[in-house]
Amino acid sequence: MTNEEIKEYIPTLAPAATFDETGEWLNIMVTAEELKPLMSALRNGKMQMNYLFCLTCVDFKTHLTMVYHLSATTHRQSIVIKANLNREQPVIETVCDIWRTAEFLEREVFEMFGVHFTNHPDLRKLILEDDFKGYPLRKDFEDPINMIKL
Amino acid sequence: MFLKEYITDVVTGVTSLLKGMRKTGYYFTHPKEIITEQYPDNRATLLLSDRFKGEVVMPHDANNEHTCTGCTACELACPNGTIKVVTKFETSPEGKKKKAIDTLVYRLELCTMCNLCIVACPSDAIKMAPNFEHSVFDRTKLTKVLNQPGSKIREGIE
Amino acid sequence: MYNQTEIIKDTSELGADGELVINMGPQHPATHGVLHLVVTLNGETIKKIEPHLGYIHRSIEKMCESLTYRQFIYVTSRMDYLSSHINNLGCALLIEKGMQIEVPDRAKYIRVILSELTRIASHELWLGAMAMDLGAFTPFFYAFREREMITDIMEDTCGARLTMNYIVPGGLMYDLHPDFQKKVKAFITQFKSKVTEYEDLVTNNIIFQSRTKGVGILSAEDAISYGCTGPVARASGVSCDIRKIYPYEVYDKVEFDEVLETAGDSFARYMVRVKEMNQSIRIIEQLIDNIPEGDFVGKTKNVLKLPKGEFYTRVETARGEFGVYIVSEGGTTPHRIKFRSPGFSNLSVLNHIAVGGMIGDLMASMGTLDLVIPDIDR
Amino acid sequence: MFSLEGITTNVQDWLLMKFNPTMALTIECVIVILLSISLFALLGLVLVLMERKVAAHIQIRLGPNRVGPGGMFQTVADTLKLIMKEGLVPDKADKFLFNLAPFVVMMVGMLLLAPIAFAKNFQIWDINIGVLYISSVSSLSVIGILMAGWASNNKYSLLGAMRSGAQIVSYELSAGFAVLTIVVLTGSLQLSEIVNAQQNGWWIFKGHIPAVIAFVLYIIAVTAETNRAPFDLAEAESELTAGFHTEYSGMRFALFFLAEYINIFIVCAIGATLFFGGWMPLHIGNWEAFNHIMDYIPSSVWFMGKTFFLIFLIMWFRWTFPRLRVDQLLNLEWKYLLPISLFNLLLVAVIAILGWHF
């Protein structure tokens, strides 16, 4: 599918989607509520996006952005899905029932950014200590003991 | 037919094991293949590549002169804060003030041998030396001053 | 990390109905580093595996946010330290893509040759370590003998044996060592004559085959769903070689095969890696005599500034797809950097493939997943 | 010609001349105990060094080479270290059993020394059911291992001990059958008679192919019984860290370590006695001159030479093969070794009855 076709296809699934073509791949910005149905449709519908190769979060100081890099092993087209989250209470639905790899990746994002994934089967800290306070990859994280400012 | 399979199973299994034993047996009976390097004994013949990144040094020539201008390019290039350049102002006989290094402090314990400082240096004042025996009993000994006492910048280096 | 009392508490909770919970790692001979697996057993049969990570987490992603685009490349050597060169290459490629830096052909050729040497070295180490996991100690030394030749070549040319940091944005840090071609050819001869040893000692060995065949089976669908890449996915028949799909540098100019197996078990993963070494040799043989003359580094600005936007590159390391994702705000340092490490996804499949097997099977599965812990923890 | 037999008779005659018979017997006992303990210590040192050197040369290394000429005193230094080390006992271990276990394993090794003929007429106890004695006593060592695994209160140890139990119990069988083939051929359970029966040729040559098969089965079975790679599941370094002796340190660990090597020595000594004629020199048909020269080599040298050859074979296995999985280990025994050894025993019985052996 060309980018134009995708641009026509996506709004049927997520009406509020906006597009950004400046980067290498087509970026689709959706709202957090629309994300899960869109993802299911992308995986199981005619796009067959069966390969989630990167899942991460970016802290833009005003808001958090979840970034999902999707690809398909059949037609090798990659798209990027993004969803902005409220920085105070970031909540988004999990995609780990669609792509199993998301389970660990979401756990990592959970502890590093504090994004809460609803319906995640096992949302615990994966890397940090259980009693760790704060979200280290957020921009306002301060650790006067272990962080050295150069 | 079951019996035939059974026997071929046993025979192929045993031959595969014997092949492995032949290989190890070969090495057992050929001591020439031994590759052990007896390290502290072979220090004299140990050849390290001249490019080996062991530590940062500052070469001085016979007149105790180096080529460091104190431009702090290496300090800026270093990702770990390994190098600290302390500069001073020297007054030349003509009365002109000139920037020069007082000390170039190099902290080996922080260095990751990434070579970025050497690439950054505009006057080739520092280079990597193939030394690797760095262990000392006191960590403070790893903080080194690279310019030798009393050294000064070579003429003509700006 | 879990402290002592918590582990004991966990154990009593999980092992309620006759199950045995053992903490495999962080200090365990087979976990190669500080991987901590909480394994629930029923007798010898594995019920559940839960990895606890973070023992070597250095927060490289956070660290890179304060380093400039020239500086952060060296940190990536410390992630997957066995394919450090390829990690560096991935980062350099991203910067070159983002800033449209022209890389001279010579640098491209050398980068590919060194990448393939790194891949062979990594697979050699893996081969020895995995044989050791399965109880055969000797292949380890034979594999390391060949690996040593590669590290010597690396030492000559790059100045370091493991964390090379030879790549800078725009090309290479310095030119090849004059002896490089001669030494690489010597290595290829040695490797070809010794590779049959692994067949005698490991591949054809009946014990090894029975330990790995049919163990830790991963289907193609699961491999994709779990995001497995590299030899792990290729052993399940998933074509995922970045060098073939999205050729970078000069991979589109060389002839090589993407090694695919269909069984998806530990033996298939083993075979993929062994055959991949031969393909790497093939690539090196095609390039080693044809390195073009010219500059080894292109023209770059003194201070690198990535334009505002988002960038993603991927390269094929010895373990699979390594992705670099940078969000730039236009400054000298990245705003957010994310490394998609192959080991992380490959580890997540461990619970899936090892459950139902025995402890011995776990060693085979874990060994053939080829986990490098700093790569997982980052 | 030098012979140990002369020394023993001289010592006994002298003792009987000086003391009354009871006293003489007591003193003989003390001498035997001292000799066997020093043999233990010596064997431990030599075999560990040998293992390390064999492993090193197979693995294109040099092995220990710093302590003494060629690293000869490396194991002495290691032993000193182990003696001086603190022997930790885990908090929740069963202290009594934990301390007892290494001694049980050790004791089994000591008991097994008794019927072995080290040289011509140089034997502690020429018991008439020697073979039976050996196979029954050697299966006792599993008790020590189970004890160690259970008392350590460690899950790895427990798993290792359980594996070891299953393994030793099943491999006893084929080891027993392999030994039985020789008993069938000889018609005696007494070790000295088995050795004497091989005066005109060793059983491995005289007994045709069935004896060779029995020998192969014996070597495989005893490798498993002594928990050596590729059957070292009880220790299984990469799976169970150190198996049943994970929690042991210092001298207690050293005892386990020693017992492992003593057991190897003993099973190899028995193998040498049964299949290679013990201290019997190599005699070939009617080559009178050759046989005469062979006779000049002392019988103890013959015995040790054969034993160490078998030990080398077992070490060679260890450094070549990967480890089996626990179910494969039992499959190998029950599906391959046991049927083959039963069939082999039948074959040998037929050969023995019809007198087809030489």
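Quick notes on this one:
Chains: A, B, C and D, in written order; residue numbering restarts at 1 for each.
We adopt the following convention: contacts are C-beta pairs under 8 Å (C-beta built on N, C-alpha and C of every residue); 3 or more make two chains touch, one makes a residue touch a chain.
All figures in this text were calculated on a predicted structure; none of them were measured in a lab.
Most remote from chain A, judged by the distance between CA-atom centroids, is D.
Set against one another, B-C and A-C show the most C-beta pairs in contact at A-C.
One finds 25 Å separating the Cα centroids of chain A and chain C. Inter-chain centre distance (chain A to chain B, centres taken as mean C-alpha positions): 42 Å.
Between the CA-based centres of chain B and chain D the separation comes to 51 Å, rounded to the whole angstrom. Within chain A, contacts with two or more other chains are made by residues 150. Multi-chain contact residues of chain B, defined as those touching 2 or more other chains: 17, 20, 23-24, 35.
Residue positions of chain D with contacts to 2 or more other chains are 58-61, 319-321. Contact residues on chain C toward chain D in their complex (touch as defined above): 20-22, 28-30, 41, 44, 131-138, 140-142, 145, 201-202, 205, 207-208, 210-211, 358-363. Interface of chain C with chain A (complex): residues 1-2, 6, 52-54, 57, 59, 61-62, 66, 221-222, 224-227, 229, 238-240, 245, 309-312, 314, 321, 323, 325, 327, 335-336, 338, 340, 344-345, 347-349, 352, 377. Interface residues of chain C facing chain B in the complex, by the touch rule stated above, are 67, 70-72, 74-75, 138, 145, 148, 152, 155-160, 163, 165, 168, 173-174, 177, 197, 200-201, 204-207.
Chain contact summary for the complex, chain B toward chain C: residues 12-13, 16-17, 19-20, 22-24, 35, 48-49, 51-53, 77-79, 112-116, 119, 128.
Across the interface of their complex, chain D is touched by residues 10, 17, 20-21, 23-25, 27-28, 31, 33-36, 38 of chain B.
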